[in-house]
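Multiple structures are listed underneath, in structure tokens.
Below are two complexes that have chain A in common, paired first with chain B and then with chain C.
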Partner chain A sequence: MSVLHRFGGIVAVLLVIVLMSLAMVVAGTSPIDGFSALLTGALGGSNQLGETLVATTALLFPALGICLAFRAGLFNIGAEGQLIVGALLAGAAGAQMHVAAPLAIAIMLLLGAIGGGVWGGIAGWMKARFNANEIISTLMLNFVAASVALTLVSGPLRGPLATGAETAWLPPQYWLPTLIPHTRLSAALVLALAIAAVLTWVFRATVFGYELNAAGEAPEAAKRNGINIARLTWLSLTLSGAIAGLGGASIVTGELHRFNTQLSPGYGFTAIAVALVGDLQPLWICVAAFGFGILESGGLAMQASAQVPKDAIHLIEGLIILVLAARRYVATRIEKGQAA
Partner chain B sequence: MPALELRSIRKTFPGVVAVDDADLVLYPGEIHALVGENGAGKSTLSAIAFAELKPDSGTVIAHGTVGLVHQHFELVGRLRVWENVLLGREPRRGWTIDAHAARKRVRDIAERNGLRIDPDAVVETLPIGVQQRVELLRELDREPSVLLLDEPTAALAPSEIESFFQTVKALAACGTAIMIVTHKLQEVMAYSSTVTVMRHGRITATMPTASTTAEAIAQAMVGGEIPKVAAREERPLAPCLSIRTGDISLDVRSGEIVGIAGVEGNGQTTLADSITGMIPYDGTLSIERNGRPPLGVIPQDRQAEALVLAWSIVDNVMLGRQQVLRRGALLDRERARTDAQTIAQRFDVRAANLDVAVKTLSGGNQQKIVVGRALIDEPALVLAYNPTRGIDVGAAALVQSRLIEARNRGAAVLLISFELDELLAVADRIAVMYRGRITGEFERIAFDRGAIGRLMAGLA
Partner chain C sequence: MEILSALIVLTLIKATPIIYAALGGVISERSGVINIGLEGMMAAGAFTAAIVSYATNAPLLGVLAGIVAGGLAGLVLAIAATRFKVDQIVAGTGINLICAGGAAYGLVLVFNQPGASKQVNALGPNYWVLVVLAFALAIALQWLLSRTPWGLRVRACGENPRSVAAAGLDPLALRTFAVTLSGALAGLGGAFLSIGELNLYSDGMTAGRGFIALAAVIFGRWNPLGATAASVVFGLFEALQYVLQGKISWLPADAMQALPYIAALIALAGVTGRVRAPASDGVPY
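Entry: the complex of A and B
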């Protein structure tokens, strides 16, 4: 393994910082001002840290779901839709339910996982049964999810006092407890980290994880060695969707306390980058999600105090993906050069 | 004046010296055979000669261009023959490719070298032997003064081999220096003018072919006695595999090796895939388990069908054995490691340790892992499809003797091989396949090379 491969992540980050600095200079801001505004805005106090971790949590669920599918060699581009369906189910149920609070939260999270799981499972079933390309089907299901959600919360599920397309608010006892007082950070973060730990164990120790990795690395060899690819396909897309859907439900019960069509500013898409930056390793994905969380929450502050437009954050995210792709390309080239 | 000189070449990979102080000189007009066991450094040395790899030290002096035909073809399956041959060197007319001139150019090279080919055929639809002609044409178009051929006959049928070497001889006669990397000693003896033997990265002998014997070359390759195929024993046999389909009626009993003889493409792959459950079949197929795991498979293509190349030896030893190694939802990795150690010992796998990726191992060592894994759980039936293809004599003899041992411990072994010599040496019974059917069976006592050969050719 080359030095570049091992320290590639750090090299990538440094390269992005240099490129961003150039962009800031072009925009007429000192990079030092820009980055210090970014970091202060993201980490400068418990409130800021709370918001950063809220974004981290929102990215972490779909990123872990995507990671599971990618490990099986399946490109789940539909985490956004899976997240929305999960959130919709959780929000709709939470606004109507009358049960004891812990049970209600559990039901909402479960419904979120089921909703996302069904949404991912549809693409998985289509792939297993008809060999429908999962990149297309998961992507298209995003639009279906958004349309269904908009239709339902504009009509039958719309809260009586709602001003926009959203459900009624959850009663406060149905809210996930907060982790840091006076912030919006909920216990969902703990749940996400637990899922990351479980996934690490699944990949490392279980038969399912082994077969998943085999199918992703060498599908033909996997098929010929007793691995049921069709079953693995629908199962991993279902689980992938379920994790994303759980994330949607946790936004509803932990952060917004209602379902709103504006609930996700594209978490399910940014999460693809998070999963890739984390090298499809659940624990590194946690680190990557925190990094992207800093960008998401610090971006606004950077815009306000250093006059760097928030779009610059998307520039950073795009650059990271570009640098990462280049790194993989370079690493492959080096590996090829060394092959006997 | 030599066409290519390699002087004091040394090349190391992490943990291995692949080539050590090697000198090799190729002269125009000679056919120079480079032989050695898998992992002896032949492929590395030819990659250095082709300037695909840089040596750590030593010099490479080439007078003219060097062409290399790879063992694994590097063709674009969906493109036509002429598009593949001229890839990157297409004749142009302004912004477009001059397809007319291109076809003519390919036809000319083919004719000049006595290779029959349709320039407009789509490569992936062609038989392997013809695909290799495309590879060869591509190199010939560059008019190389040195041509390196890496295992050129590994995929060819016997009739194709003869015509292939006629082409090679004609090229040499025109002054091209030719180096053939090969395992097949009978081809070395029949067609080469000079032979160089490599062993453990060093060149151990270079001599005129006329002044040596196949036995002497084999001796120099393995550095000692060639391992002998172990003796058979006779015993009463219980049925294990039974196949009854429209085309095939075949029984393999526990404790015998049944060989399937036939030219490639006569239904062997269909037979193997039916047994492994990869494709559906009409009729009945049953395996008597006798309290063992039912099936151990040595697939035809070890890299695509048997191994996850990026994974370690230990992880690969688990593949296909998930049910054996399952402990509830978990995999018993400790046992897999012990198994990997056992396999590495029994098969003399040469690797720095059990955690190296199998893609860093030579083909022979990869195959040893595949065979070891197929046999370790003592399955009732062993299906071996060309288990010694493309590996050196030492490794091949080891694989064969392990198959015989498995049979002696009561396994039924179905050995599909494109090399009749292998079947004659190892099988207790040979069934011949021709156009999807079994056209004849021979007990060992009645083995008749001529009769089997005629059935294989569809003449009987």
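Entry: the complex of A and C
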């Protein structure tokens, strides 16, 4: 193990700092002002910390879902759509239901998982049955999800008092309890961390986890050893979508308290970077999600005070992905050089 | 009759950017590199074309700059995929984020406004040249790939790069060139979007066309002419939503936006077992 290999994450963090400083200089602000705006905006008080953890939670669900699919060698870039469908079902049901509060929250979360699971499952079934490339199908399904959601909340599901494309508000008893008083941080964070723990156990200690890893790393060998690849394919994309959809539902019941077509500023795409930076290890993904949560919430503050647009963060995410992906090769080369 | 001719013209316009990207996809995959970054390369081309046309008031220069920008993004993927042996899917995803984020950032730097550029000089009625060029390039690429020594080498790279090396050629150099060309074509498609069809760049304007183009590559069985025909089909579904708007009362316009994507999904599922990707497609050498 070379230094680069082991500390790839730290190298990535340093790279982020350098790149963001550069972006700030180009935009005409000093990096010190920019970073202090970012950090104060993300961690400067309980309100700020709350918003950072809200973003962390929103990123954590889709990142864990993506992680599960990637482990099986399936590139799910449709977490955004799966999250939207989950949120839509949860929001639609929550606005219509009349049951006891804990049951209502449970039903909304369950519907979120089902919605996301169906959306991911479509791509999984297409892959298992027709060998349809899951990268293209999951991305196409993002657009279909956005179109379905817009159609429904502009028409039949639109709240009677809504100003934009959104459902009616959930009654307050259907809201997930908050973790820090006077912030929007809800118990969804606990749920996300629990899922990370469960996934760690699944990957390390269960037959399903073993089969996932086998199918992802050596599909031919897995097939010869009697692993049912078709079943694994639809199952892992369904579960992957279900986790993302659960995240969508948790945004509805925990944060926005209604479904809105502007609900996700691209969480499902940033989550790809989160999953890769977390090296597909659920516990590291939690750390990565917190890092990106700081960027998301602090980015808004930075945009306001340092004139650095929040969208520039996608640029940085992309660079991190490239550098992390290349580090394995660079590390091997350095090792070879040292051996010679 | 009027509707029919409007539909045909609109189909050709909507198909053009997809054709360019799909041709890029064909050439890249035939050389053995899956180009998931087509979407970002289109965005790079669209954004750069708009910026250069704004700065110079010469849309033609804008188109050329769009080609160069797409080519540079292609070169980044090429180097990542050949020299650094990075997972091609991961690298392509990174490039998509870099290009979309870079363009969003660039809009603020250049125009001091997020979301969309100011209106710029566009090709105007001359856009049809690029429509015709798309089909001409498809025929040229079909001939190049199937009838020339270079085409044979590229195809060999995608099937069995070792045999190319055994013949004394450098598969990595061939792949690098093919993927750069792929990006340049996608960049041209992007330039058509921003200053051919419209006269500005806006965030998200590529709207998944890079991925629809990848579906066209598969549906067209990795052949330039096949991929072009598939792109025209997807263009037709995109055009249909405009022509049918308001004509089908039970189907709202928002729902019709999903048409091209559903068409691509059905196409993907419909070609089962009848197509075969190049043997070394996506495998680093």
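In the analysis below, the second predicted complex is superposed on the first by the 326 of 340 C-alpha atoms of A that agree within 3 Å, B and C clash if a C-alpha of one lies under 4 Å from a C-alpha of the other, contacts with A are read in each partner's own complex, and residues count from 1 in each chain.
By our rule, contacts are C-beta pairs under 8 Å (C-beta built on N, C-alpha and C of every residue); 3 or more make two chains touch, one makes a residue touch a chain.
Predicted model, so just to flag it, every value in this text is computed and none were measured.
In this overlay on chain A, chain B clashes with chain C. Of the two partner chains placed by superposition, A:15 touches none, neither chain B nor chain C. Of the two partner chains, chain C is the only one touched by A:329; chain B is not. Residue contacts after overlaying the shared chain place A:315 against chain C, while chain B stays out of touching range. Applying the stated contact rule after C-alpha superposition, one finds that A:162 touches neither chain B nor chain C.
When both complexes are overlaid on chain A, the residue A:187 reaches neither chain B nor chain C. Here chain B and chain C are compared by how many residues of chain A each touches, and C touches more.
Stretch 78-86 of chain B is the one among 60-68, 78-86 or 204-212 that clashes with chain C after the shared chain A is superposed.
Of all residues in chain A, only 205-208, 210-211, 214, 217-218, 220-227, 338-340 touch chain B in the complex they form.
Within the complex formed with chain A, the chain C residues making contact are 36, 40, 76, 80, 84-87, 89-91, 93-102, 104-105, 107-109, 114, 203, 207-208, 211-212, 214-215, 218, 252, 254-255, 257-258, 261-262, 264-265, 268-273. If you check the complex, the residues on chain A that touch chain C are 23, 26-27, 75, 77, 126, 129-133, 135-137, 139-144, 147-148, 150-151, 154-155, 269, 272-273, 276, 307, 309, 311-322, 325-326, 329-330. Put simply, chain B touches chain A in their complex at residues 13, 18, 43-44, 47, 53, 276, 278, 297, 299, 304-311, 315, 318-320, 322-323, 326, 329-331, 333, 359-360, 362.
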